[in-house]
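Each chain carries a letter (A, B, C and D) given by its place in the written order, and its residues are counted from 1.
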Amino acid sequence: MKRLFPILSVITAALLAYALYEAMVVAPTERTMGDVQRIFYYHVPSAWTAFLLFMVNLVASVVYLIRRNPKADALAVVCAEVGVVFCTIVLVTGPIWARPVWGIWWTWDVRLTTTLVLWLIYVSYLVLRRFSDSAQTPVLAAVLAIFGALDVPLVYFSIWFFRTQHPQPVIGGGGSLDPGMGRVLLINWLAFCCFAFLVCWSRYRLEMLQREVEEAHAMESLVGADGVSAKASLPLNRSPR
Amino acid sequence: MNSLWAVTLATLKKDIRLEWRSKDALNSMLFFSLLVVVIFSFSFDPTAEESRQIAGGLVWVGFLFASVVALNQTWARELRNQVLDAYRVSPAPPNSLFVAKALGNFILVSVLEAVMAPLFIVFYNLRAIGPAWQLIPIGVLGTWALVVNGTFFAAVSIRTRSREIMLPLLLFPISIPAVQAMVEATRIILMGDGSARFWIVLLLTYDVVFTTACLGLFETILHAE
Amino acid sequence: MTNTPSIITVSNVIKQFGRFAALRGVTAEFDAGRFHAILGDNGAGKTTLLRAIAGLAHPTSGTISILGKTPRTACRDIGYMAHPSLLYDEMSGMENLRYFAGLYGIAGDDTCREAIASVRLDPTLTRPVGQYSQGMRQRMSLARAILHDPRVLLLDEPFSNVDVHSAREMVGLLKTMRDAGKTIFVVTHQAQLLEGVADEFVWMQAGQIIDRTSSARAAGVGPTEGVQ
Amino acid sequence: MNSIKYLYAAYAATWIIHVFYLTTLVRRYSRLRQQLRELGKK
């Protein structure tokens, strides 16, 4: 396991570099939008990765509620946090793309807006995790994750219908992708998925370390204050973890 | 099933009686909503034709803010003297507590809307061009949409630090589609601008989905400790 | 009086709140029909242990069984009284009990009236509970806890903030209930009040049970009584 | 077209956000290590 991490890091770095080369050089230039369309190769894979991470978060949350396995909860936190990072990138690169192409920073496009709502939901998820008392946090957060997941399709439909009533500039989509573009997109997605996996792995280890420290603190906290008797009996009853 | 309804009714009756004796939630909410209406009419010129366009939004955002005040009060009563623990150690079904609280809030927020709506109508000189009767199902479904998740997330936020501020932080993102549906439906009817059917169906779906989710998960929340 | 050995079994219970563990591996068996006093300093984990037995707090790890059931499924056998009254201040005693009786599926006022009378209060009092004296409120709270005639009674600090007379009256009530066959747990830091009444004194420190004695004075380790 | 600078801006923004996040992870990690060392000393 320990050896795997650096190997994977090297592979991911190479993959990211290659994907960047593909996106900048190999991919054909889009006719109407020009080079700026290449943002697509970062914007879209980031979005897909974020959605994937949120999906894993949902599954982990459900598993946690059923099994009460702390590892599932740790996985849920990790995916939510890294997902929010990728989601932020989507929301930042989206307007940077929209500005030169349509002359506006933001458009209430279905996908972009759904992503925004998703981002809001998961930010509130992270806020909840921060502000609740630790013993109950995992349960509350898992429940919120389920509510968020139920909300997303409703958000999508409401914005989709809203858009059909209020015509606005149409973003991307439509028409078929140039096969060259599709290939580059997939390569980039693969690269970003590997990258996300690495980040999640590190974050997961960090989470586990943090829990270890908390547990050590908890088991230690009263010993210093209360003197000998508690200390003497501590090793006998200490949990085997 | 029998005890489910018995406990729900008893809890609802108890809540109404307590509210009637203290009236703290009702009074603070009524005054708060009056302030919302007045401030909105200062901020958005009520005489302009454009304010008709956004009136639907104003009404519902006003209700949303006012109901957050109410929802924060819901569980405050149960936390005083830790009475909630007495419920939690009893064999009474958790969902009875949830349904009673949600119904109680529904009544409270409806009263509030009944007071606020005429003020909006007066200040903004509103009249419906579309079928006005449809505002009733929109009002009922929309209020339930706010209240059902509001009651649930108020129960979540009492388990956090700084609980008063947590409720809107959790509730608003989830409520976005419901709020959009209420606002659009109301706007369509006020402007006489086509059919509000899609939005009413969306609201209904939202209500069904989240009522089910709340009933399914409330026990988990109540006993999360 | 049936004396089944160990009505409650607590095994290796840990309750962690973030960087703080209120219980750090508690293992104990408690006999039925006895009066247990749980003693210890503030923060020793007494209240958390009681809440865990009542099913209000889930242990981070470890198990608790009451009559072979989990605390949640055994809830009809448990009466719980906390330091706060667990009553609605705005309602009268009878109104309160009527509501809580409903939660246990008990209909009719007779049970409530009996419960109030058994703690020597007047069922016809119409004053809201918020205007009771502390001693009266504690007794009304006890009436709520024994409403459904539980076999196990868990009480958290029932004597704090009340005058000595009320405290002694409360002890007397609990003694009668123990003699009627109930198993009683009292968390307190006023051990001297229970000397000669409680059958067992359980000493807690730093989230663990450090000693179990039959007299409050015989405690070798543990805090001096009545510190806080 | 001058829009190429938007392309660079977007790519740069992506990596700035990633690097920023990774930095916070590293900082959190070193803080935990520190605490673990202090715990070990006790």
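By definition in this document, a contact is a pair of C-beta atoms (placed from the backbone, for glycine too) under 8 Å apart; a residue touches a chain by one contact, two chains touch by 3 or more.
Computed from a predicted structure; not experimentally measured.
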For this session: Compute the centre of every chain as the mean of its C-alpha atoms, then state which one is farthest from the centre of subunit A.
Result: C
Seminar exercise, completed: Cα centre of subunit B to Cα centre of subunit C, whole Å, reads 38
Seminar exercise, completed: For the pair subunit A and subunit C, the C-alpha centroid-to-centroid distance in angstrom is 47
Problem set entry | Distance from the mean Cα position of subunit B to that of subunit A, given in whole angstrom | 31
Problem set entry | Centroid distance [mean C-alpha coordinates] between subunit D and subunit A, Å | 15
Problem set entry | Per-residue multi-chain contacts in subunit C, two or more chains | 57
Problem set entry | Residues of subunit D whose C-beta touches two or more other chains | none
Exercise. Which parts of subunit A, given as residue numbers and ranges, touch two or more other chains?
Worked result: 133, 135, 217
Seminar exercise, completed: Those chain pairs meeting the touch criterion are A-B, A-C, A-D, B-C
Exercise. Can you list the subunit C residues touching subunit B in their complex?
Worked result: 51, 54-58, 72, 75-76, 78, 80, 82, 84-91, 95, 99-100, 102-105, 144
For this session: Spell out the part of subunit D that touches subunit A in their complex, as residue ranges.
Result: 1-4, 6-7, 9-11, 13-14, 17-18, 21-22, 25, 28-29, 32, 35-36, 39, 42
For this session: Within their complex, state which residues of subunit B touch subunit C.
Result: 3, 6-7, 10-11, 14, 17-18, 21-22, 77, 80-83, 85-92, 223, 225
Problem set entry | subunit A residues within the subunit D interface of the complex | 20, 33-36, 38-39, 42-43, 46, 82, 85, 88-89, 92-93, 96-97, 99-101, 195, 199, 202-203, 206, 209-210, 212-213, 216-217, 220, 224
Exercise. For subunit B, which residues are in contact with subunit A within the complex?
Worked result: 149, 156, 159-162, 166, 169-170, 172-174, 176-178, 180-181, 184, 194, 198-199, 202, 205-206, 209-210, 213, 217, 220-221, 224-225
